[in-house]
Each structure stands twice: as structure tokens, then as C-alpha cells.
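Below is one structure, written out as C-alpha cells; comments come after it.
As written, the chains take the letters A, B, C and D, and residue 1 is the first residue of each chain.
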Amino acid sequence: MRRLLYAALGLALAVPAWAATRTNPAADLKAFQSYFHKKFPQVAPNDFVNGPYAMDASMRAQWNDIMQFPPFQFSIDNGKALFNAAFPDGHHYADCFANKGIGITQNYPQFDAKTGKIVTLELAINHCRAEHGQPPLDMSAGPMADIEAYMTSTSDGKIINVKIPNDPRALADYAAGEQYFYSRRGQLNFSCASCHVQGAGDHLRSDVLAPALGMTASFPIYRSTWGSTGTLVRRFIECNSQVRAVPSKPDSDAYSNLAYFLAYMNNGLPVAGPGERP
Amino acid sequence: MAGSILVRASSDGTATTVQSLIHHPMDSGFIKDASGALIPAHYIEVVQFAHAGTVVLTAFWGPAVSKDPFTKFSFQGGKSGDALTVSWVDNLGNKDSLSTTIS
Amino acid sequence: MSNTEMTAEAEIGFVLSRRMGLTGAVAATLAAFFAPGFKAAHADGAMVMADAAAYPSAAFAQKTQDAAVKAMFNMTATASDQITLDAPDIAENGAVVPVSVSTALPGVTAIAILALGNPNTIAAAYQLPAGTKSAVSSRIKLAKTTDVVALVQAGGKLYSVSKNVKVTLGGCGG
Amino acid sequence: MRRLMVMTAMLSMLGTAAYADATKTSADAALKAADARAALADKAGAQWTSTVALLKDAHKAEAAGDFATAQSKAMKADAMAKLSITEAHEQASLWQASVIH
């Protein structure tokens, strides 16, 4: 019955009135990537995952120095210990994930057909904790960022492959993320895209604005301005605050959908995380 | 402060290159926290690297060394399997040390 | 400068060249005799421990290049083109500025990194026993655009080189 | 959009206006209106941090008996909340203009 319903909805999607006018992730992806390839012809496609370092030779040299012994190494080590520690019920994080949680972050965020919602890696980690009677972790930094750093380190170099199943709810989540990305907000009246599409590669003071393409591939990141490792959600909250908009809740659908859209735009690029940024 | 030291030492047969990262806030004493109160200075003062019991580098640091300090240097000698020890003490008297082997 | 001219400050701060090697030797001896636990844990010999008493705190408290150099080394530096100071022209972040100092000068016993614009001038100082290569890499904080100075003590003399590093505030680069 | 920016700029100047004849009653009324409008902005997911900060200041001034400041800040907060809601409404369709095609 449900299947029939989905089939019917899927058919409805094929109707140009809605599907063709806007929500067409595959076409969006192509346009998005080619926009950045044209804007930065000197940057090799896979180098976009290195953000500002792909744009500026001097920054890249400093980054290479720092990456000889990356500051997020403590996070990875701590995250590995946390990841491998048993819950009081004897289960492990590994029990909650495909392939025991190793080498899988390129597939996140995922659409959950049961709830119709997007599950980011942070949410999946907290879902796992809930399943085993543990309180959720702060989604932005600390142990969450460490566990994510470890899991991502096992996926380094794997090709990002975020799937949008043929389910109207998945498309709606994607579209909501897209809308969030392009909507201006805050007193400064900036959208994510203002800085990371139109302004990408430009200098804001001494910083180079990272292009949106490749952006999520390096998360979690150790930002020297933070002095610690943080998740994508932490960066969302920071960006919102920078344009003087009250941030959404860390576990909000708004942020999950935004992460879904952004990660999907990176399909085909390699995971390059955890990363280091100024 | 157990587990504050990460160190990699590798020998090419004639010389050993050491890279280390120490987990430490290195608070300068000039930064204010969210509530506007000064965070008191808290930084590593002395770090010592020793190869098989002999000091190969002593570092004296002030609060201007970055958080989670990084050090890289190399010394003549040292072969795979030799012991390399890193130890530090900060201005509050905290200390830690780690012994590893050269790879 | 004769011994009688040595200031109390310099004595407290100590002269790096005189104490060279001593700190480690003393610490090693102490560890061997008074901390058998360490010895047992490391079959290859005594564990050398960082010694807080050796810290030249007076030198690190100085706010000018002249006073800091005097307190640390008790001598004056001459400019040298034999030192390579590797630091960025523009620091991507003042909180983490990679700085490397290396030199081909023979008989190097100490290397120091100074940031003239910082509240305290000396950022870091290193004692190099014989056998340690004359190159050290570190990461330091810079409060503002400033000259970074590398000092190298070699053969009982002090040499320096400086480089201006621009620092601008960080913001939205992620 | 440009209109929104100009209004925001004008608003910053407005902030210095003093309401010398403000009373507890008039300040309370201004605060109440601003709180209500800010709640609407919140609901629309369009709150500005600057609005929140102003409201907080206004309430603080009110508690301290500085009704002139309380009223002035409340009125500015109210206007900002209004602008933020306008921004959200505009963007509900305008965002599509900047999508990469």
C-alpha cells in the first residue's frame, strides 16, 4: 500500500509542473560544480576540498607546514578511544553503523525513509547513543567532534556519495536545504551563498572565503580561531552569528537539510577530513 | 595530564627527525573569556627531548607559543628502536612525559 | 662584558651558553638517583625530565628586544645573513604562525625566536647540545603585525635576522 | 532588497534618539510591542541577534528605571524585528534569483 503511494508520488514528481521547474538535484549538482570550475579554472577539481588553501599559495605553504603534524590529531586519537569504548549495555558505536562505522562518512548525511528526515553523522551518533541509553552529545564540538574526526579519518580519500532517493520527502528536505543556502538572513542580509558562491575566493580581511564546492568534505575541522575541532553544525552556527542572525538549533531540520544539500553538491569529490582551517 | 604528548621520531640511519605536538592551552594571560574575565596565564615553560637518556633539545617557552605547541628538529645519531623521551612542565607545575621509540 | 658587570637580572635569567648541557645532565642524574621508578620503566637509562628551575623567567618577562637579549644571553647580537628565518609574509592567523629557524653557522648552542610586537618579547628559546642540527620549527602567536627576530648563538657569539610578518584579524575564512 | 539595506542603515541612526518624556507606562508599552514582534520574528525563524541584544538592553534599562533608554531601545528593537520579518518574507521567493543555474 505504502509502496503504491510512493509510486504514485514518484509519478507526480515526474510531472514537470514541480519537478522540472525546480527540484532537480542532478541538474543542480552539474550547474553548481561547473560554476566553480569556471570561476576557478586554475584549481584542480579535486583540490576544491582544500578550501581557501586551493586559492592562495602562501596560505597553502603555511597549511602544509601545519599538516606535517596536524592539530586535530588529538581529536582523532580521543575520538578513536571514545568510538571503541563500550556503552554500559556492552554495545559499541560500531554496532550502529554500516561496516562497523569504518570508512562510511562519505555516505552522510542520509535520508531516513522511516522518519522522512535527514540524518547527519552527528545525528546518527546521537541516535546510536539514545539506542543504548546514553544522553546525546553536544553536536558542535568536544566528544562529538572527536568521534566524527576519527570516523572521518577512516574515510579520508573516499569519494563522497550522498544519495537522494526517489522519495518526495527526500527531495523536499534537499529543497529546504537549498533554500536555506540561498536565502539572505540576519541584519547583514547575507546568505550562505553571498560569501561562499558569489564571494568565494575573495578576501575578507586576510581570510580567503572558501568556495561552497568542497566545503563539507573537510569537516570536522580544527579551526585555529576556535582552538579546537568542531563540526559542520558549529560552523553553521558561527556563520549565522556572523551575519547577525539567531542560529538554528544544532539538531534542527534546517541544519540537517542544509548539510544534506551541501554534501550532495560535493558528490564525486574525495573526503578530505578531518581538516584544518584558519 | 596523561596523554598530552604526541611525538614522531624517525631515523634515516644517520640522523633522527623529531616532530611533536603537546596538548596544552598555552593561555597567554591576555585573553578574556566569554564573561569578560581574564583567563590566567597557563603555559608550558620547559620541554626536554632526550635520546637514550641524553638531552638532544631543551625548549624554553613563553606564553606566545601557540596552543597545542608544535616542535620539529633533528639530531645526529639515533637508530630505529632507540628510546626518545619528551617531558614538559608548565608554569602551574603540571607536568607530563612520554617515552617512545624511534622508527 | 666582565663578570663584575653582570647584572643580577642576567644571573637570574642565566646565560644560556654557560648552562648549556648542564640542565640535562643534572636532571638526568637526579632522575637516576632519586627516581628509581623512572629508571625501572625505561631499561635504556634514566628518564630525563624537564626542569622548571632552569626556566629563564626574567628573560621571558622582558618587553624590549635589548632587555630580552641581555637577560637571556648577556651579549648583543649582530645581524647575520647566515640565518634562515622562515615565516609567512602574511600570517593566515595570528594565533598560529609557523616559524622555522635554521643556520649553517658552526657551533650553534642556542636559537631564540622573538616577536617584537608581543607584550613579552621572547616567544621561545632552544638549547641545542652538540649533535643536534641547527634548525628548529615552532608555531607562535603574534599579537599584531610585527618584526619576528631569530637569534642564533654560535661559537660564543650572537647573531640575528629579522622578518616582518603582517597579521590581520581573522573572521570568516572557513 | 536595497530598500531593506537603506532602512537598516537609517535605523542605526535612529537608535540615538532620546525619549526624554518617556514614562514607565510608555516604556512598558514599547517593550511589550517589541517583545511581541520579536516573538513573531522568532517564529518565522528570522530573528536577528542584534534585535535580541537590543531587547535585552531595553529590559535592563527598564529595570534600572531608565525609561527613556528603555523606550528608545525597545522601539528600535521593534523596528528591527519588523525588518527581519520583511527580510524573511522577501527571501521566501527572492532566494531563487541567486541559485546557480
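FYI, a residue touches a chain if its C-beta (ideal position, glycine included) is under 8 Å from a C-beta of that chain, and two chains touch if they have at least 3 such contacts.
All values derive from a computational prediction rather than experimental measurement.
Farthest chain from chain B, judged by C-alpha centroids: D.
Innermost chain of the displayed assembly, by C-alpha centre distance to the whole-protein C-alpha centre, is A.
Set against one another, A-C and B-C show the most C-beta pairs in contact at B-C.
Averaging C-alpha coordinates per chain places the centre of chain A 42 Å away from that of chain C.
Averaged C-alpha coordinates give centres for chain C and chain D that are 54 Å from one another.
Averaging C-alpha coordinates per chain places the centre of chain B 14 Å away from that of chain C. Inter-chain centre distance (chain A to chain B, centres taken as mean C-alpha positions): 34 Å. The residues of chain C that reach two or more other chains are 95-98, 100, 137, 139, listed in rising order.
For chain B, residues that reach two or more other chains under the stated contact definition are 66-67, 70, 72.
Annotation, chain-chain contacts: A-B, A-C, A-D, B-C (touch as defined at the top). For chain A in complex with chain D, the touching residues are 22, 28, 31-32, 35, 178-179, 182-187, 189, 191, 193-194, 197-198, 241, 244-246, 248, 254.
Residues 15, 26, 28, 30, 45-48, 50, 52-67, 69-77, 82-83, 85, 87-89, 93, 95, 97, 99 of chain B are the ones touching chain C in the complex.
Those residues of chain C lying in contact with chain B across their complex are 21, 23-25, 27-28, 41-42, 44-52, 54-57, 60, 95-98, 100, 115, 118-120, 122-129, 131-133, 135-143. Contact residues of chain A toward chain B in the complex are 66, 68-69, 71, 73-74, 77, 224, 227.
Looking at the complex, you find that chain D touches chain A at residues 1, 4-5, 8, 42, 45-52, 80, 84, 87-88, 91-92, 94-96, 98-101.
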